[in-house]
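Read through the structures below before going on.
In the two complexes below, chain A is the common chain; its partner is chain B in one and chain C in the other.
And then the complex of A and B:
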């Protein structure tokens, strides 16, 4: 009896392995638990299901070595295609080189890979992060055109120190406001995309600069919430403008209430869907663009219904 | 002889309060450069900002004095926040939501304490077990929120009030006073110190070590939950990773305050000072416009200095005692 059971089990395992040998996609997500990661991964899963692929998504914990090990294990496990969401631009070369050495179709998602290996990526689905920064810069100039203020002073709260996303956004803003009268009052202040840290930084900036601040700019919706709470608790709400990047529900709510001037879109749903669609084309041997841009642009109160929110 | 005693008194004062002196110097210099720094509103600001980490640190003080660590507090802060905001958003009574969050902290503390007591673990085992718990609780916090930051649908009431105005400061002070009283003036407090100094001796003297150890982990868990509730009230939102690295900041506050990292000796009041010292430092550096990179260096050096001073303090006092004997 035991023998029959064991044989049946082995047979089932072999059959299962055979059944899933085709169409298995593996994704290592560096920002698995980040607010942006959840809707993006949901979109990846949904699109993969729709296209008939089995998908496994694992947490890369923003660690390139860990992601490399995960990909090695996935290749050994017989996955057919790979999606790489890198943690940080600088840490990508070793992973990109390994992924190319496997001969499997793969795409890079969301974070742009390092310049030294950018040509080696079969397909990259990402926003142009510097362009998001440029959009923030354009909104800053537009805000000061539409709202007359004596000065054009900004309090600027950034994401994570050393993250390419954060530096690219800042680079984009600086490109646009360079040569204008706009002044960023504070030196780099990083809230690590955490609302409570953003609140603390905003409170300190209000203590130092107070009424000198004309506009607050944050790099995501969570930090916007923190800055908003600080402005609220210190009695500055409505006395100065706020601009942020993000498609969080809180952003939508405050756009509609008029407390947030505008936001810059970075749509996780579109990005996730495009990632799997491009990978599907690569699996089928079809041609794809080297860099598929996730659409970005400003969101105002009037057009909130045109976007997906999370 | 008199001169030697005076010199010792000065040295004692400096070793015991060195960090405080450094921070007073920082306050004077910062206040001179930026007058807004020494204002009532900024003082309230600093106290309010550091109430959350301070409350976590107060709870962890009992663990450290008792010769153990609790690394799960950061995740507990996140979990409590997620539970509170999700419950309130679903229309639950806010008091019930707060109770549920506190219950979660109680459960985390109970599991930590029970496991560590069961294996008769020392600081090393406590470190690993609570680290494991940190990972588990952090994952649990991600489930209900799906990893997302959640904005609270909070109306005016008790929950919204406790994070505003002077309330976080009052609550922080009240918790400090109560825990300091228990630590210094009750048999329970003396047992905690005794366990931290020499667990085997405490056991032989009849102290119910297991119960005591479970109890200080429960205190740590409940206070971490309470801090999580306060944090959510402040930002009217929850972030499932909000408490990330809070355990290290809380341990830093305890050590900078002067509680011995080796256990057996310390004070909750000193932890209060430690949390405020770190808060003032961060606030001063922000106001002076020092970039985040440099701020981390200063913070790290301050923590190293605090541990070094604790060790020098012990060594110098041992040398004095040896000299007196000879």
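And then the complex of A and C:
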């Protein structure tokens, strides 16, 4: 009898929670399974819960056509607001066009949409990716100022070929190091944000360039982990510097141990929270900035307690 | 008593053989009552539109599997076709883009066909190699950047619809009917079944098995290119990473539909059931509020269940 009563109570509570929900939000996440996606989606859920919304997040599998279908199904199912995390810039115009045609409030999250439709997005919550690159560039110059080396040679591991994130970060780095003595030794090496691929690339680069490398730079924490393992196994740890972008736990650990010179912030928790907060304002008919930037900047060992880690 | 037993056996075998259709019908009934919006015309169109693009290649993949072959490179041919279609649309226009993309897809397929039918390379290995090479080519040609197009004809082609049904389902239906016709009604189709059923016996019977092995890859290349064109017309962009799940999707829908990987049996009409089941499941899970990771898990479980049921049905038939 007790069990039946408890079950009924739980059911009533669930129904009540549904009845008092402010509305239903639907999010299609192109990078649902990416390491960065998990904390971002957790923050989206947490903020939606706090603000009294029901939320459903689905995996867009980096497929714009699939995301379009998901949004169509969500609209048919009566969702009140939408969050769009695009996979790549080029495929965004058709989705943006559809989302605007629904008349529902929506925000674009994380990946910047194509230039041709930027103005049509009600609100975009994303990092200034070029600025993240610039910060990496500034850290590179700073590292060489603080650590005297005969040469200023970098081994540079990038994310995914053609992704806006990768392209913009490289653009930012190149802007800053242009005209300096810093040399990127290798041609583009893409590890697809995969630690094991980054490890293989790092091993190859160490085999080819060896002691010529003064500093290793990676575009995220996962790839840093791969590169770190390669440096460790080939006996190069401590003999050269490492800089990366990201707030992964391994980054924190290696910052604290002094093996990583510095990292650049891109906080998935803040980004996810801001996404829902901006959407909430749009639902309520309030004014929002067209582009809400996720804060960025350098993280040193002394700052680790000021940041969230995942 | 024996008569009852035979009757019961027949029913069980029949149920096992048509397990996928049965699961789909039961699932549809559940959805009709639980989420009436699921059967709204807008959502039905959404489901049909969704499975059509990959469905075009799935028809050719089914034919290849009937012929006891498989092609992993369709994903790359698809991606390359989105890129080529957009590039040619930007320079020469829509019609040349479609023609060139289809020809290029068929040439890639013919190369696979040569490797498998003439050089006697295992299809898995040969198409694994061409998959990497074609993908690499797409990256090199585009400098790894996505290619946008604003070609009006391509946009109109992708946006055209009758009562909510877009161009892709219409093209898919046409491709499906052609495949159903030649597989069931022509000597060419019978040759594909015979080659897949028993290669050596077919060869000794005078069937031109090399030709059949070759031609199915040409069909696969052409269909993957056609899928790529349809995709590009929907999103007006082409990029090397697009369609990376195409080969697995096609094989999965073929197997779920009930075509045996051993070759020599099955049909594209069965694959339609597999395609629909996957699209319905995907759409319904979104409507039921199932989270992304759980959706992947459930899709995997359904695939395993169908394969197990298929194995049971085959065992019973043999007995």
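Basically, the second predicted complex is superposed on the first by the 288 of 310 C-alpha atoms of A that agree within 3 Å, B and C clash if a C-alpha of one lies under 4 Å from a C-alpha of the other, contacts with A are read in each partner's own complex, and residues count from 1 in each chain.
Rule of thumb we're sticking to: contacts are C-beta pairs under 8 Å (C-beta built on N, C-alpha and C of every residue); 3 or more make two chains touch, one makes a residue touch a chain.
For clarity, every value in this text was computed on a predicted model and none was experimentally measured.
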item	value
Partners on chain A (chain B, chain C) - clash or fit	clash
A:233 touches, of chain B and chain C: first, second, both or neither?	first
Chain B versus chain C as contact partner of A:33, first or second or both or neither	both
Partner chain in contact with A:248 - chain B first, chain C second, else both or neither	first
Contacts of A:187 with chain B and chain C, given as first, second, both or neither	first
Partner chain(s) touched by A:161 [first = chain B, second = chain C, both, neither]	both
Chain B versus chain C as contact partner of A:172, first or second or both or neither	neither
Partner chain(s) touched by A:208 [first = chain B, second = chain C, both, neither]	first
Partner chain(s) touched by A:73 [first = chain B, second = chain C, both, neither]	second
Overlapping segment of chain B (options 199-207, 271-279 or 307-315) - the one that collides with chain C in the superposed model	307-315
Overlap of chain C and chain B interfaces on chain A (superposed complexes)	32-33, 161, 188, 190
In the complex with chain B, residue positions of chain A that touch it	32-35, 37-39, 161, 186-190, 194-196, 199-201, 203-205, 207-208, 210, 221-222, 225-226, 229, 233, 248-250, 253, 310
Sites on chain B touched by chain A in the complex	34, 36-37, 39, 41-42, 45, 49, 52, 142, 146-149, 151, 164, 231, 234-237, 239-242, 244, 282-283, 286-287, 289-293
Residues of chain C that touch chain A when the two form their complex	35, 37, 40, 42-43, 46, 49-50, 53, 139, 142-148, 231, 234-242, 244-245, 282-283, 286-287, 289, 291-293, 295-296
Partner chain C, residues of chain A touching it in the complex	29, 32-33, 56-59, 61-66, 68-70, 72-74, 76-78, 88-91, 93-95, 114, 116, 160-162, 167, 188, 190
